[in-house]
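As written, the chains take the letters A, B, C and D, and residue 1 is the first residue of each chain.
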Amino acid sequence: MQTTRRAALFGAAAIVSAAMPAIAEEEDIVIGFAVAESGFMQAYDEPATQAALIRIEEINEEGGLLGRQIVPVFADTKSDRAEGARAGLEVIEAGADMVVVSCDYDFGAPAALMAEAQNKISFFLCAESVRAGIQGVGPHSFSASVLAAVQGATMAEWAHEELGATTFYVLEDTWTEYNKGICDGFNWRAPQIEGVEIVGRDTFVNDDASIAAQITRIRNLPEPPDAIMLCSMMPGVVSAVRQIRNAGIEVPILNGSGVDGSYWMDAVPSLSEFYIPVQGSVYGDDPNPAVEEFNVRFEERFGARPSSQYAYPGYVMVDLWAKAVERAGTTDAAAVVEELEKMDEEPTLFGPRTFTSELHHQNRARYHIVKVTDGEPAVVDSWTIDEPIPLEVLLQ
Amino acid sequence: MTLLAVEGLSVRYGQLTALRDASLMLDEGETLFVTGPNGAGKSTLMKAIAGVVRPAAGCIRLGGRDITGEAPETIARLGFSMVPEGRQVFGELTVDENLRLGAGMRGDRAGAARDLESVFESFPMLKERRDGAAGLLSGGQQQMLVIARALMTRPRLVAIDEPSLGLAPLVIDQVYELLLRLRAERRLTLLVVEQSSTRATMTGGRMMLLRSGRVVLEGDARELNASGAVERAYFGYSDAEEPA
Amino acid sequence: MTAVLQILFDALSLGSLYALGALGIALIFGVMRLVNFAHGDYISFSIFALLWPTTAATTILFLGQVPPAVLIPFVILIGAGVSVLSEILVFRRLRDANPATLMIASFALGFVIKNLLLMLYSSRPKSLSILPGLAQQVEIGGARIPLLQVVTVAATIVILIALTAFLKRTRFGLEMRAAAQDFTMARMLGVRANRVILLAFAISGMLAGAIGLAIVVQTGTADINMGLSVMLVAFIATVIGGLGSLYGAVVAGFLIGGASVLMQVILPLDARPFRDAFVYALVIVVLLWRPQGLFAPRTAKQRV
Amino acid sequence: MTRAPSIMAKTVSTPLILIAILAAIAIAVDAFGSGPLARTVIEMLIRVVLVVGIWIFVGNSGIISFGHVGFMCLGAYAAAWLTIPPMLKQISLRGLPEFLLENQFPFWPSALAASLLPAVFALILGPVLMRLAGIAASIATFAMLAVINTVYSNWSTVTGGTSSVIGIPTVTDVWIALGMASGAIVIAWLYAISRSGLALRAARDEAIAAQASGVNIERERLIAFVLSAFVCGAAGVLYAHFLGIITPDAFFLTATFVALSMLVVGGINSLSGAVIGVVFISVIIQLLRWMERGVQVGETTVAIPSGAQEIAIGLVMIVILIFRPAGLLGNREIVWTSRREPRVARTQPAE
């Protein structure tokens, strides 16, 4: 059933994009989505894209932006880099004032570079690498999400303060930059905390058929660690968690946001002592009731609740950009970038956001901590790290 | 009665013509030697009959039935048993399994078991080594094995490609001794490929000489050899171009 | 001592997957010189058949809820089915093609299967906890070993014994072993080619289903690419085991699993991300040492 | 009796026709096509360079190589090291040697140097790998690819690890790509008619005979291997300067299989097959893509579902292979006959 709804959404989108020149009026504001409508990245791009559409519709209902309607146009990156660049070009040629690119830095960057080359603003849907911004793409590029390192650092601080953990074991999946980013943040923050000791480290690769050897190493520690920092992502992380728990290791597992969502938790029967930092809760218990209202609206519009927190950055993105356009009084990129960079703790539905002329990403953010007990995730706390993560750490 | 009839057979590998317009007839109970220098098309002829290579032109009949272009297993099941060059034992399989494989397409288990016993009688050496890997046999023993295996299929026609290749002269003698004995005992129809005509002369039977993919000489082995026609044809002297 | 035992079990359980994969690939390679790159996709396909097609994040079980006694044969049959179907629809029509063409055709087929699954299910991993009873520990020689590992190793041994018995004791088995060594010769002895090949595909597909089960029980997830890494290693194991040698493929599968676990254990932390580079370098060394593979059949010839 | 024309004169029409086909496509798209379509054509031309590079080794030696995309990887990263502005390199690629960190080289000299790196790598590894034959050689080349991929994915200070390397000047346009594709075709053609190429193909078809006539197979293979590494490296250079961003997994399994598929669909034994395979598959993919985006039929827009393109291209490939197992061109080359029309003719083997 979901299939048909999805097909309907993107089918409609495809028709819109094909017939775009006829629909987009001269005065319309165009947001171009160079995102994956098929292939591997589709599952990750779609929720954030849908959330962005919700914000666009809200703005249009409220009378539009600068009195003009926002029209989305789409081009499929097919989860391919070269296609991504072409999709970027396509939406720019369709008149995009701002280009939305794929969730992942590697897959989004080619399209973002296309936008950059024409001095257009590009927004990564949910990339969490510092390079998704000035440091990688250029001065017109932003990310709607929070740096992966912040998640690692948040886990280090929070686990020490709230769980009283002092000994940590770090298990790093070297498959992607995102995973390494989580560990970088953890490795930066944890040693600064007094009394914290990292008692061991190991690596694996996401598609390893088994991580038995890594688990054996944990079990052979003289003392079990107070917590395991697991820097990994879908799909391999599920396997890793299952194997860890099946091996009888019951210590708390700390994670990045990539594991958010209850859809996979069946794989690890009665999963407990499992912690996830999230920008907002999809579980109906967000401290801010407006978030739950959004979840409901999302379900009404697309037939299912957001499956993880990665839908939210799409909403934040349109929200922030629209505010900047409103303040600048124009969609002109230079003016909008200037307004975006003025944002300091700008409130959004999912926490305050800050951009500076140095960093178009969040190196500090409020996270809700989700704890999974017996397979049931629930928000137990909120946490903002003491200090923003310095740029040098992010760039190392 | 004609068991095998080949008419105007041509085989090409890409642009290379390996066999050109070859014909032969083989009666039941007869022995035919096909000889000729390296690359003359002898093995190609065998493979074409066995269905391993597809002829470009021509027709092959076995026991009156057209088998041109049929699959090797079909042809084997019609009674054509091929012992290819290089002895092709299944080295990983035991001697026993090699033989049983030969008997595989026969429905009668009892008959197959009897044949196995009779084969072991003819080849006592194989009985001794029946549970050993065939690959561990000596060259001569392997040659015995493949012949025995061919017999297990209860063939109407046994074709043997270069049985003496790579064997010591003494062993070759043994192999031929065995072939002669089997021919006598079982009234086998034999199609034997050899590079030299010496064996053909010694063994007796009809002989055919191939060169550069053509049949250049055909007749009784002993007579041909005595006349010196074989030698001339073998080395390609022009007066031998006309079949004698 | 207990540490050694644990490492041994780690190596055995990883090696089991590779060995079963290698066997599946070697069976097909043996009878028709096909390097079947679709094998990994048979693995995914047989598992996804348990799920209702949906691109939503939540998993809707189609047949996953049935008891193991039904579920296990079902998955294995699906594996056999997709494998046999691909022989009938694709590979049978490519009998005379050279190995490169066959290989690319198998790749194209795998590509079709994968993209079909992608379209129906999306790339998001699907969780399915089947056989949850295996999430326990057992004590063996003082070491606490996850039950799952024990079961994986035991199941592999059972499969290997059953397959050995099939190959050694039955007419079909004999024909398949002969065909794997020298297909043409086997046909000249009356072995029916299409039947043997079809059977090889069926067994290979069943093995793919079994691997799928082993992976899914281990990881708790079905993922579009779940079969890929096993298949690549299995493919290599087939070659370094010695082409045409089923036994060699199995041993090589275990060896690669063992090497991989050993590397993980002995390499210093900084070098561990480079583990696969060491494993593959080792593969090159083995090939240079024994280009025909470790257990090349005694009569093996270079046929590709 | 007239003097037999030289092998060069007899075969020169093949590269000329192939280049003319590519040039015609490039010119047409440049004149009438849109920006995105031009990018499709550039991508196709880069693939031509890669597949022709692979063909130099695979087509002449008969050994299927899974490793050549690894050479593309080496070339692409070398191009990145040479041409990224020093400021960026000092942040993201700090492990590079001093002279690379502090300098930025212009495109052409850098392209040459970057293509030479995989050639040198092939020259070092080749003597070892070329001792293998058949499927063992194929597996060894795959292992080589896996080693390159693992090292480049994790050698963070020099390659940026799994993170994309960014800041490569995007200078590849249609004309540069066309020039390089033409160059690759000419190199492949010259090699194919060289003594080494003829000997290698003879050895491919009749290994024992060729060896008996004194062909040193290992040496001829090595020459082909190094040359093809060079051309594949050039494809990597083009790719890097086309997208401006590279990661190791862009040069792994998918790229390998796509390239090999194009080669086999075109016809593995002929240079024309390599080029036509790329052009043919690229055109079909583009057509399917248009169908995915929707085709105007009368008043309504008809579109095939997203993702159907991939399924369709796989099916198309299978069908082609079933009906033409030796590829679209079989063993033939496209040649120009005296009747002044392009005809397909058989290649003359070593004559």
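By definition in this document, a contact is a pair of C-beta atoms (placed from the backbone, for glycine too) under 8 Å apart; a residue touches a chain by one contact, two chains touch by 3 or more.
For clarity, every value in this text was computed on a predicted model and none was experimentally measured.
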{"item": "Chain pair showing more contacts of the two, A-C and A-D", "value": "A-C"}
{"item": "Central chain of the complex, centres being mean CA coordinates", "value": "C"}
{"item": "Centroid-based (C-alpha) most distant chain relative to chain A", "value": "B"}
{"item": "Geometric centre distance via CA averages, chain D-chain A, whole Å", "value": "36"}
{"item": "Between chain A and chain B, centroid-to-centroid distance (C-alpha), Å", "value": "73"}
{"item": "Between chain C and chain B, distance of the C-alpha-averaged centres to the nearest whole Å", "value": "41"}
{"item": "Chain A, residues touching no fewer than two other chains", "value": "38-39, 42, 174"}
{"item": "In chain D, residues with contacts to at least two other chains", "value": "153-154, 305-307, 310"}
{"item": "For chain B, residues contacting two or more additional chains", "value": "none"}
{"item": "Touching residues (chain side chain A, partner chain D) in the complex", "value": "7, 10-11, 14-15, 17-19, 37-39, 42, 76, 78, 81-82, 85-86, 89-90, 93, 105-106, 109-110, 113, 117, 129, 131, 135-137, 174-177, 180, 395"}
{"item": "For the chain D and chain A complex, residues of the former touching the latter", "value": "34-36, 39-40, 43, 91-92, 153-154, 161-164, 166, 170, 242-245, 247, 249-250, 292-294, 296, 301, 303, 305-307, 309-310"}
{"item": "In the complex with chain C, residue positions of chain D that touch it", "value": "64, 128-129, 131-136, 139-140, 142-144, 146-147, 150-151, 153-154, 253, 257, 260-261, 264-265, 268, 305-308, 310-311, 313-315, 317-318, 321-322, 325-327"}
{"item": "Interfacial residue positions of chain A with respect to chain C in the complex", "value": "1-3, 6, 38-44, 79, 174, 201-205, 207-210, 212-217, 219-220, 234-235, 238-239, 242-243, 245-248, 261, 263-269, 304, 307-308"}
{"item": "Residue ranges of chain C touching chain B (in the complex, touch as defined)", "value": "171, 174-175, 177-178, 181-182, 184-193, 244-245, 297-300"}
